[in-house]
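Following are the structures in question.
Two complexes follow with chain A in common, the first pairing it with chain B and the second with chain C.
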Partner chain A sequence: MKKLIILFYFLISTAVVSTEKNLVDINDVLKNLRCLVCQGQSVADSNSDFSQTIKLVVQDQINEGKTEKQIYKFLKEKYGDWIVYNPSFNMINSILWLFPYLVFLVGGALIFLLLKKRDYR
Partner chain B sequence: MLSNLGNIILFLNALITLSIIYISIQKIKIKDQVVSKNIYQLSLFQSTLIISSFFILVIGFVTSDFSMITVYQNSHTLKPLIYKISGTWGNHEGSLLLWLIILSLFSFLFLVYNKSRPGNFRIYTLIVQNILILGFLFFLLFNSNPFSAISPIPKEGLGLNPILQDPALAIHPPLLYLGFVGSSIYFSAAIASMLANYPGKLFAQSIKNWVLISWWFQTVGILAGSIWAYYELGWGGFWFWDPVENASLLPWFAMTALFHSLLVLEKRNLFYFWVIILCILTFILCVTGTFLVRSGILNSVHTFASDPSRGIYILFFLSFLILSSVFILFKKFQTGNYKINTNSKETYILVNNWFMIFYLITVLLGTIYPIFTEVLTNHKVSVGPPFYNTVIIPIVVLFLIFMSLGPRTKWIKDRFQDFFLLIKLLTGSILVNFFIVIFFKSYSLLSNLIIISSLFLIFSSLLDLISSLKRTNTDFSRVISHLSFGFLILFIGLNHNFSFEKDFNLKVGEKKKIDDYTVEFEDLKLENFKNYKAVVGNFKIDNNKKKLNLSLNPEIRIYQQPSTLTYEASIRTGILKDYYLTMSNIDRSDYYNIKFQKKPFMLWIWVSVILISAGGLVRLFKNENKIS
Partner chain C sequence: MKIKLVKYIVVIFFLFVISVFFIGLKKDSIYNTQGLVGQKLTEIRIDHFSEKKIINDEDLKKSKFTLINFWASWCGPCREEHSFLIKLNEEKNLRLIGVNFKDKKNNALKFLNELGNPYDDLAKDELGKHSIGFGIYGIPESILINNNLIIIKKFVGPLNENDLNLIKETINSK
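Let's look at the complex of A and B:
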């Protein structure tokens, strides 16, 4: 029991130490944006004129004190959902976000049933 | 001349393939169980011909014979010899020829290496494999002929895309093709096993080494691609969840699930139809991957190989493969007996398959989802790294824990006995993670869980290793692969959390201070090379605290044929971390955009993958020794 308490202590203290910071990191934002004139590159990784412009725009937005979400919203309105690598969670996209977990649950249930069937016989 | 010769050989090859199919079908009809000599000879002849046609193409590239469109479009007289040669498979037509070589060669080798097995199983395998060969041969001849002539003959070629002129990229496609196309043989064998009623256990023995071979090449091929992306694309990452990267990962999941299930089929004669499904799925995913890459339907860094008309043919062939294999599967399907105990190796292998299928579905869905939204709602979305990371990482935590528990269980039935040992291991992992957080840097809760679970896998595999050293029948292959997988996830986790990246503009002579580092832009030189010019920067990196002093030389290369700029990163690889620097010019300005990165444990990520694949090789050699 003592061991379990110690274990728990470490787990919690780790969680406390790792509280995240709230500042917007420009690199995180740029990595999440698609360079629209490139082939499969993010704005952060591209040297194109388009990316240079977007980098400046994002820097301005951060300076204005906007949050990450607000910046994405601003860019989506201008360039469409295509520019952000993280598809937003809405009615249509819920298929994308939830279907994998559905498969996971069904798979787990199948294995469970397979094992249970055997136990009854 | 070469072009005519190549065409003749390809047509001859089509005839041979047709006659192999014809002779084999006759054999099946008269229920002849003997694989006759003429089948061997034809099969050998087929492989020899296709290899010689490939060498003709290589000669075309080496001698810059621009009378062939493929050579004209992908080569240039000023290119270094090695890239003239690697240019042979650095394009669609040539790589398809390579694809055919592997199909034919594997067909022949499977025939030779399975002499002890019943004739009708081998003949059915041969028929299916030759139908595949014929399908791709027709594709090659009528849509993507590498030997198509051009007239009048151009004086100079268009050159090879400069980012493809690279040693890692010379070996990356052939490796990956061996993985992709290698899976064709167990696809054929799976269909043959159903048609010939070849029983599960023996079937498992006949294909297990082929699965391992293709899996090994797939793993190493993906690694070569990642290393190339890391130093060539200049962003300092090695995996971007790009559609084409995903296309290579999908069959890898299926293969991994397959060779785990094969263990059960061989040992306990269970899961026969599940194994068949995985065999079919693997090859189908490989062809799907080819379709995605070659049709240009997806936006990716790999779009140098795309053309819509190719897509239609592959899609047609793919549908044919899926429909016919599903038809045979339904006709032959029987519910097997699945008597397994909850706490047994069999269950854990099922669990492995469960997770593999989850990863597979997630990555597949993420890859093709944008196509559907665009077609159905005319709405373009991007599915990139954040999606995969969010969906997959929490599940990986669970996966790593099961992966630590699985190998400790016995076949058939086991009791929970070393529960306290596991608690101790878990405590150890949490402690180590705690110290990492305290002494280095804190990271998100999810990262904590990933690091803890990977440490758990590492510790439990190490314990396995120690205890198995005492026994005589050691399963090194599994211990090596599982241990290295734990290390891979650990190093990726640490690399992700401790990487550091700064982006700034400098001109010659200026300095920039970032934390403890000073980056000094000393000078800029223009150098001439055989087929490009390069602007080489000279940067000095200082860190007084760590007594670090190194110079890095990133380049901007100016290629004339075709005229392109490429940015070459300068990387200093170390045991603990890599320093990574790229520079790019800014229009109408003396300033250069500099990206300075510190990437911990990069070397160990590569080493982990090499060790994972080495585990597969160990198993392969062990299997071979058992037979002889």
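Let's look at the complex of A and C:
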């Protein structure tokens, strides 16, 4: 009996986790979309005609069961990478992604060399 | 030796930062849709303006070239470009499809009665949702595609004399 109860709770908890995974929060998506006709506003913040239409389209796509990634992919196909605030990793913007790590490494090396030099003295 | 190395690294770092700023500040920051040229339109479904049918991919493959024009009766610049659309209607290689964008049917008909109807087919997009599939972010906008549904040119804003000549050149040279 105990085993059955444990199994029951296990099944329920996995079901809850899997449904949560499929839920897309429309506000999260809209906050990551740029209003193309506004000055520095996201679609979530804007009441422009363009943003209103994008909100309707995103809602439709969520209702169709599309994931956040699929929605971004669709919009990027239509408006380019510029529509999302979080750019994807590719050859062109690789510097943007790798530069902070590069600075970290070079900075670390510089500090290491300077400290080493001080030790010699 | 090490001091020299550090100096070189610092100089290279500053040169890099300056070049990034130089390229970044010279780049045009105004959004344009030129990146979409060469892309293929897919899954097109727009409601016909007066009939109960849907204009889809197959309808757009009927002519060698198709110009899809997004317009509305409330849009001032659409009036400006209308005479050029009337001229384009005379081109044999080109099919003109008008998409009436977020408009009232009566107002749209009044607009066409007043200025003439240049379109071979007329569609409507009452909520503007279908236009997102074409990468539209304001009207008037026009998209020139070939019969493989590849975007050849995108015109943001009202068509002008130069655009008219460019379209004529494109459809008659290929």
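Of note:
Here is the rule we use: the second predicted complex is superposed on the first by the 98 of 121 C-alpha atoms of A that agree within 3 Å, B and C clash if a C-alpha of one lies under 4 Å from a C-alpha of the other, contacts with A are read in each partner's own complex, and residues count from 1 in each chain.
Following the convention adopted for this analysis, contacts are C-beta pairs under 8 Å (C-beta built on N, C-alpha and C of every residue); 3 or more make two chains touch, one makes a residue touch a chain.
Note that the coordinates shown come from a computational prediction; the quantities given were computed from them, not determined experimentally.
Put chain B and chain C next to each other and count what each touches on chain A; the higher total goes to B. Touch criterion met: A:I92 reaches chain B, while chain C stays clear of it.
When both complexes are overlaid on chain A, the residue A:L114 reaches chain B and chain C alike.
Look at A:Q39: by the touch rule set out above, it reaches chain B but stays clear of chain C. Of the two partner chains placed by the overlay, chain B and chain C both lie in contact with A:G80.
When both complexes are overlaid on chain A, the residue A:D49 reaches chain B and chain C alike. By the touch criterion stated above, A:N27 is placed in contact with chain B alone, chain C being left untouched.
In the superposition on chain A, A:N63 contacts neither chain B nor chain C. The residues of chain A shared by its contacts with chain B and with chain C are 49, 80, 82, 95, 114, 117. On the side of chain A, the complex with chain B involves touching residues 3, 6-7, 10-11, 13-15, 17-20, 26-27, 31-32, 34, 39-42, 44-45, 47, 49, 52, 80-87, 92-93, 95-97, 99-101, 103-104, 107-108, 111, 114-115, 117-119. Residues of chain A touching chain C in their complex: 36-37, 49-50, 53-54, 56-57, 60, 75, 77-80, 82, 95, 106, 109-110, 113-114, 117. By the touch criterion given at the top, residues 233-235, 237, 240, 242-244, 299-303, 338-342, 347, 350-351, 354, 357-358, 361-362, 365-366, 369, 373, 377, 379-387, 390-391, 395, 423, 426-427, 430-431, 433-434, 437-438, 442-445, 447-448, 501, 503, 567, 584, 586-587, 593 of chain B touch chain A in their complex. Against chain A, in their complex, chain C makes its touches with residues 2-3, 5-6, 9, 13, 20, 31, 33, 35-36, 39, 102, 127-129, 131-135, 137-138.
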